[in-house]
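One chain, chain A, links the two complexes that follow: it is found with chain B in the first and with chain C in the second.
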Partner chain A sequence: MNIFRRMNRAGNKKPEPEMRPAAPEEQDVKPELSHTLNEFKDCADLVHQSLPDKGVHFIFIGHLIGLEAFAREITVPFENASPDDIAQVLGRSQYREIGDSKTLIKDILDGSVAIFHDGRAYAINLCKPETRSIQQSETEAVINGPHDSFNESAITNLSLIRRRVKSAQLKIARLEVGEVTKTEVYVLYIVGIANMEYVNEMSRRIQNIEVDAVHDGNMLVQIIDDQPNSVFPLFPTTERVDSAVSRLTAGRILVVMDGSPSVISAPASFFEFFSSPDDYYQRWMLGTGLRILRFAALIVTITFTALYVAVTTFHYEMIPEDLLLTLTESRSKVPFPPIYEALLMELTIELLREAGARLPTKIGQTIGIVGGIVIGQAAVQAGLTSNILIIAVASSAIASFVIPSYVMSASIRLIRFGLIIMSGMLGVLGLMMSLALIIIHLSGLTSLKSSYLTPVAPNKLSDWKDIFVRAPFWMLRTRPTQSKSPNKVKNKMRE
Partner chain B sequence: MGKIKPLAAAALIALLAGCGDQRVLESLAFVNATSYDLVQDKEDGAKENLLICIDVPKSDPEGKMKREVLSTVARSKKDAHLQLAKQTELMLVSGQLRSSLFGLSIARSGIWNYVRALVRDPSISQNVKVAVVNGNAGELLAKRYPEHPMTGQYIDRLLEKEADKMSVPRVTVYDFTRDFYDDGIDAVAPILKQGKKNIEVNGIALFDQDRYITRIEPDQMPIFALLRQNVKNGELSIDIKKSGEEAEQIMINSIVSRRKVKVRRGENGNFIVNIHFRVMGTLREYLGDLDMSDDRHRRELEKRVTASLLKDADAMVAMLRKHNVDSLGIGKRVRNSMSYKEWSKTDWNAVYPKLDIKVTGEMIIKDFGKVY
Partner chain C sequence: MKEKLHHFHVAILIYMIQNGVIIMSLPRLVAQNFGYNGWIALIGLSLVATLNIFLISLVHRFGGGRSIFKLFEDVLPQFLLYPLYAFLTCIWALTGCLVAKNYVYIFQILSYNTTNAIYLMLLIAVLVFLFVIKGIYNLSKATTAFFWLSQWMILLLLFYFKDFEWARMTPFLFAGETHILEGGLSVFSAFLGYELYLLLIPYVDNYKKTMKAVMIGNLLTTFAYVAISIICFGFYSFEQLKHMAYPVLDLLSYIQLPFIERIESLLFGFLVFTTIITTGLYMWSAKETMHRILPKAGEKLLAFLIIGAALAVSWIPDTLSKVQQWLQFLSYSEIAVAFVLPLLLLAILLVRKGARP
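On to the complex of A and B.
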């Protein structure tokens, strides 16, 4: 229990005995009412009810229990039973007899009602806590297609997935993460489609986690991914059920974490972050067009501002004659060199974006208007920036939002700054050098030990038709090679 | 060490690039057009100095002047560049050069030294246009044309448009250099002339090596195009005069023509060259008696046009041979018909005037409009 030692060292000098988790010798203790109550001492949300005439005690945490189920499973049978029949009632299969105290406490924490009778302890899980209802995802909205999305309850999320994959082959392994929080983490895979090596590797990584708490799927991703020091996200997370299920059937594995609407899928490639469920719900030509648009947006967002800086600082020869005079004219009033001008504007856009992201919608609009006017007009009129830079910065900002994955789009916005600085120092040479460095870095990355640049490196041409374009469904006959599925063919339809 | 090596490599790449030569846009003066002339030295009349003018577009939003013209007289081009740089607060750069103009004076004494300087400078495009000015190039460039505030751009676009219309060949630094080094063709360049309020294309300059020899008159330019190259979108205006009759005026556009040059050996080893052009075009204007909807009449007109074209073409070939300039590139075809060994023994300049050249051609009117 590393983490606790560290906590104690950092915190109080004298460790408080209550902070200590259950000592090993307590494991074999038989569950007793008094002992259980003692464990939950000072827990105001613990409910202790008893039927003294029948010698039955119920202990549970009130807000975890579904009222309806409580009435059906506890109130009705036990109120109606005569004291002699209690043992018979408890013999029903839904009441599990619990042998040791630790399990019982854990069951209570999981939403079970503990029943003490005649020196024995039983538990029945009636967990039905309040959760957010199933809503539309705000971060991954689509126009066509299903609108339900995951919420913070793992049970709901599993049910959403199970409802879409009606197969006993869909296996769900339950793991726990967080030494204090004991958060449930489920690893989902379809036997016969998923490669078990990936499943084992993922389970191993999750089991190796030793932190006090993990609060979100996006946080879990960073703990289990291959290269935590890379800018790029290695596993995509999604809030959309359809997208999660499509990954499951592609032979990838899912990780569902309780308390987080973000479901992790693995392994993944860089290019997967540029596809959206929308691509599949529209005619294939439109889907293809959108895919190409997104990769164009990637190039625009990475290179536009940097190219402006490089060209205006070093390569006046590259500018077409007609553009040259307008560009010079708009630059002539600007007091800074292009690189400072560009960094200033990029920074302002990032400020605006960050401010807008945290504020409620109503104030966010104000920010948008103020930012639009301040940046769009005043900065140019005041001679702080040139018109053309505004266009470059704005179009690269817009292009960055075309990328469907928020995490990926944020990573790309960050590396843009490096490119701008390199372009300011070395011109197009610097731009090309940084692009080369990015590609070198990308090719070194792995996602669950498979290449992050699949299907480009290693080159798998058969996958290209579902990565760079969205080919018609009759052409998409095999699962992606990255998932190394034992069952490769997914579409056997003839015409 | 393991970490220092890649860092050192990155630092080397960054430093060895030597990118200290920043050229920030607003501190540059882009030379758009350059003109070269020879002028007599004031003190020593026999000596000739170089007059260089450059046209620099200005981007000052408040200023009325859209451009600045700098000129200097110097011994050499390098000297001139230094002199010119002293006249402006901005850094003179030639990476946006579009056209270079040579006055007749300098064209007569050879322009290769100056064209070569353009080829050498890596920042100058190979697409810079070369033109000869009938008169003083510096004056043409320095003059203000009220309707065309930016003279450099005006000249560039004029040449570009004329080349698109195929009335003058598109001659860039690349073309000039290629034709200069090729021993089977002589270089050409469009001629510009200063008008009162504008600049006009005034013929085609014919070079021998890099020396201006003679010119093609403006009305003969389409014929030259037909003989020299394939034309994609040309225009022809022809007056056909028959003795005792009124002249027929014919205007043909959307011309597509193909030129074929065939070289064969005669019985005594001499070369027989046949230049054949096939012209197809749309009849746009016709002032004459023939009825175009009648096939026989149309054939008749086609014949007359062909005859007129051939007459001009023969005259042109004769003129070229008289001046011993092979602007049509016949030498290339002759060279291709023999071995290199044989070609290197041949004195082309001596052979060319005596060559048996025959021009044949045909003209087809493919369309004559809706109204007959």
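On to the complex of A and C.
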């Protein structure tokens, strides 16, 4: 763990990445046309246009620029101006004079048009790259509530958030990660609600990242979290705007990364991964029922198959007589011990899930049907497994998909294998020991230095009404304790 | 700033250290040693424990929240200190380890009769090691999670109301064959665990709140013990109770659900949580004490060595009855430690106060 941290975290002396741009760019040199063109040598997408009679040159990357804005800000004013008026045009506030070459190159890469005139350089940002339109999230679909979700453009994502939080207190800090990719990362927080210690800690972690490229929010999250070697996700990511905004107003911090639809929120607790925006869009009793169902699903997914293995290997006395007859009959044809039987079935389910996830929807459906027949009927008839195990495995697989966070659900499915193996080796004692190990591990985890097991340990009973149940809104008066918000009361509604 | 333990967690911690496998045989011990309605004696023993907690809280108060090791080191010379520390380390490490071994041996009565106990003990030792190296703050967090995961079992007592008969309680009090002193000591060992408050002093702030928390922890334990004992006294006949090795275990085997029955192995499995906590906290105490002798040794290394050594020594008693004999001896020593240590510390504080101009 420490080795990994040392790679990424603050203040360590790391050899310079090989792909660093050439040395001259690092120096503070005055921007010149020839130098800029030289820097972009062999870049086929660079566009160089000029108005020779007026002594103006434009350099930009064609596909990053909005054509309409280019016509409005470049074509019309410069073509209509006489050579003497060019300086006057460039005096307008939208054209920024750039003093050093490094900044100018960076601006061009960010979607600006560089204008050279009379030995001086100017830039105007006309960035309008092609992006995916705002669509519904496929991984976090809800029945009620807003359906728009983030896409890969940070600017679009920021605008989606801004539209919902019309407050000047929503602050956005811009940072960069990736020595080569220079990906923009924005840290969002609401002044007066978010705890500045968390904001500073998050910004510090992002600034200290030293890797060549970060490709997605889910990748960034693993670099900045507290314990990279834990199987559990420590910061939730969401594609849903309403979910992100609700976290923001709860005093959490958001991290929006350009090129990724996954927005990170921090700090978070283990139990937060079991809530869904749906809970708030339904009557509170339904919301509460759903929450309880999800925690029941957690217990089912972790223990069901393991308990089957434990009972059928070590504790036959626990099965009532009537059920025992059915079970013995069903198991009589199976030549393997229950642990092999269970692992085989669990592995098949995982294969089906992975195959279904990678294939196009139509083929995915076929895989589902074929898989269903294979694991459902054929495996039993072939004497590879018992009926009751199929029910146990299927219930725990279905239960794992009840967990709204895909990452958490995947982590839990993985640890389930450990529990099955331990149960096969030591029965219920093995199962309990595995659970103890998980709890010991969880108790040591932190999310942005705050306890991952909040509000259970440290115990914050007042937060339970928005974690294990979804209390009516008039009862949800305070922000979560984990946010350590300077403004604790969020709601002064009365019954 | 160093994080302090909240008094809620202190209460849970003390409750969970006190609770353990002994609960399975406690009603029998009470019946054998205190006779009819012997469960009432538990309240008296709980009061003794409360008195002891008060004594420890005086050390907390007059010592100004300083660690007991610092208090000792200010006064005692090294040639006295080291043997004392070594003695405490041994007592705590062995108690912790034998509590786990006792659990394993009792479990082997139910299941895993052919599994080698070394195998089970090693697994518990690994868990305890991982638990201890987390430090006291994370240790208390894990304890709170274990508490919620295991203490719902107390609700199972509701199952027995149907078969409970007040007539079995009889109007006699402490009648029949009794062993008040010897039996009192062995039953009192069920309350042990609160004395580790001595080591928690530097990790808590307000002495009044902490004292209350420890007392509440002890009260919860008393409640659980009394409730379970009353149920056993009303469920079994007195003679039956006296002759059952683990009446609570048998009590659990009565529970029947439509799809599962004889769940005593499953429920006894949950006690691995309290066993890990009791063993873990004793090991942690041993490690903290050893750290004073070897201040330069790494915490993980110390924990590893202590758990390893305790595991090796605990191998000598090789049957359940021998383990229980050892445990009895250790619990007598532990009772002595629980009373003598705070008295000694109070004496040191008084001497220091007197010596001050």
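Note that the second predicted complex is superposed on the first by the 470 of 495 C-alpha atoms of A that agree within 3 Å, B and C clash if a C-alpha of one lies under 4 Å from a C-alpha of the other, contacts with A are read in each partner's own complex, and residues count from 1 in each chain.
Keep in mind that, in the parts below, a contact is a pair of C-beta atoms (placed from the backbone, for glycine too) under 8 Å apart; a residue touches a chain by one contact, two chains touch by 3 or more.
Fair warning: this is a prediction, and the values are worked out from it, not measured in the lab.
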Taking chain A as the common reference, can chain B and chain C both be placed on it without clashing, or not? Answer clash or fit. clash
Which holds for A:S451: it touches chain B only (first), chain C only (second), both, or neither? second
Touched partner set for A:Q377, first chain B, second chain C, both or neither: neither
Contact-wise, after the overlay, does A:I439 reach chain B, chain C, both or neither (first, second, both, neither)? second
If we overlay the two complexes on their shared chain A, which of chain B and chain C does A:L327 touch? Say first, second, both or neither. first
Of the two partner chains, chain B (first) and chain C (second), which one does A:E317 touch, if any: first, second, both, or neither? both
By the touch definition at the top of the document, which applies to A:G427: first (chain B), second (chain C), both, or neither? both
Who does A:P338 touch here: chain B (first), chain C (second), both, or neither? first
Region of chain C that runs into chain B when the structures are aligned on their shared chain, from 26-34, 80-88, 116-124 or 260-268: 116-124
For chain A, which residues belong to both interfaces, chain B and chain C? 314-315, 317, 319, 426-427, 429, 433
Of chain A, residues touching chain B in the complex: 312-317, 319, 321, 324-329, 331-332, 334, 337-338, 425-427, 429-430, 433
Enumerate the contact residues on chain A facing chain C in the complex. 314-315, 317-320, 323, 426-429, 431-433, 435-437, 439-444, 451, 453, 456-459
Residues of chain B touching chain A in the complex: 13-14, 17, 19, 21-26, 28, 30, 32, 57, 59-61, 93, 95-96, 98, 123, 125, 153, 156
In the complex with chain A, residue positions of chain C that touch it: 6, 8-9, 12, 107, 111-112, 115, 120, 123-124, 127, 130-131, 134, 138-146, 148-149, 256, 258-263, 265-266, 269-270, 272-273, 276
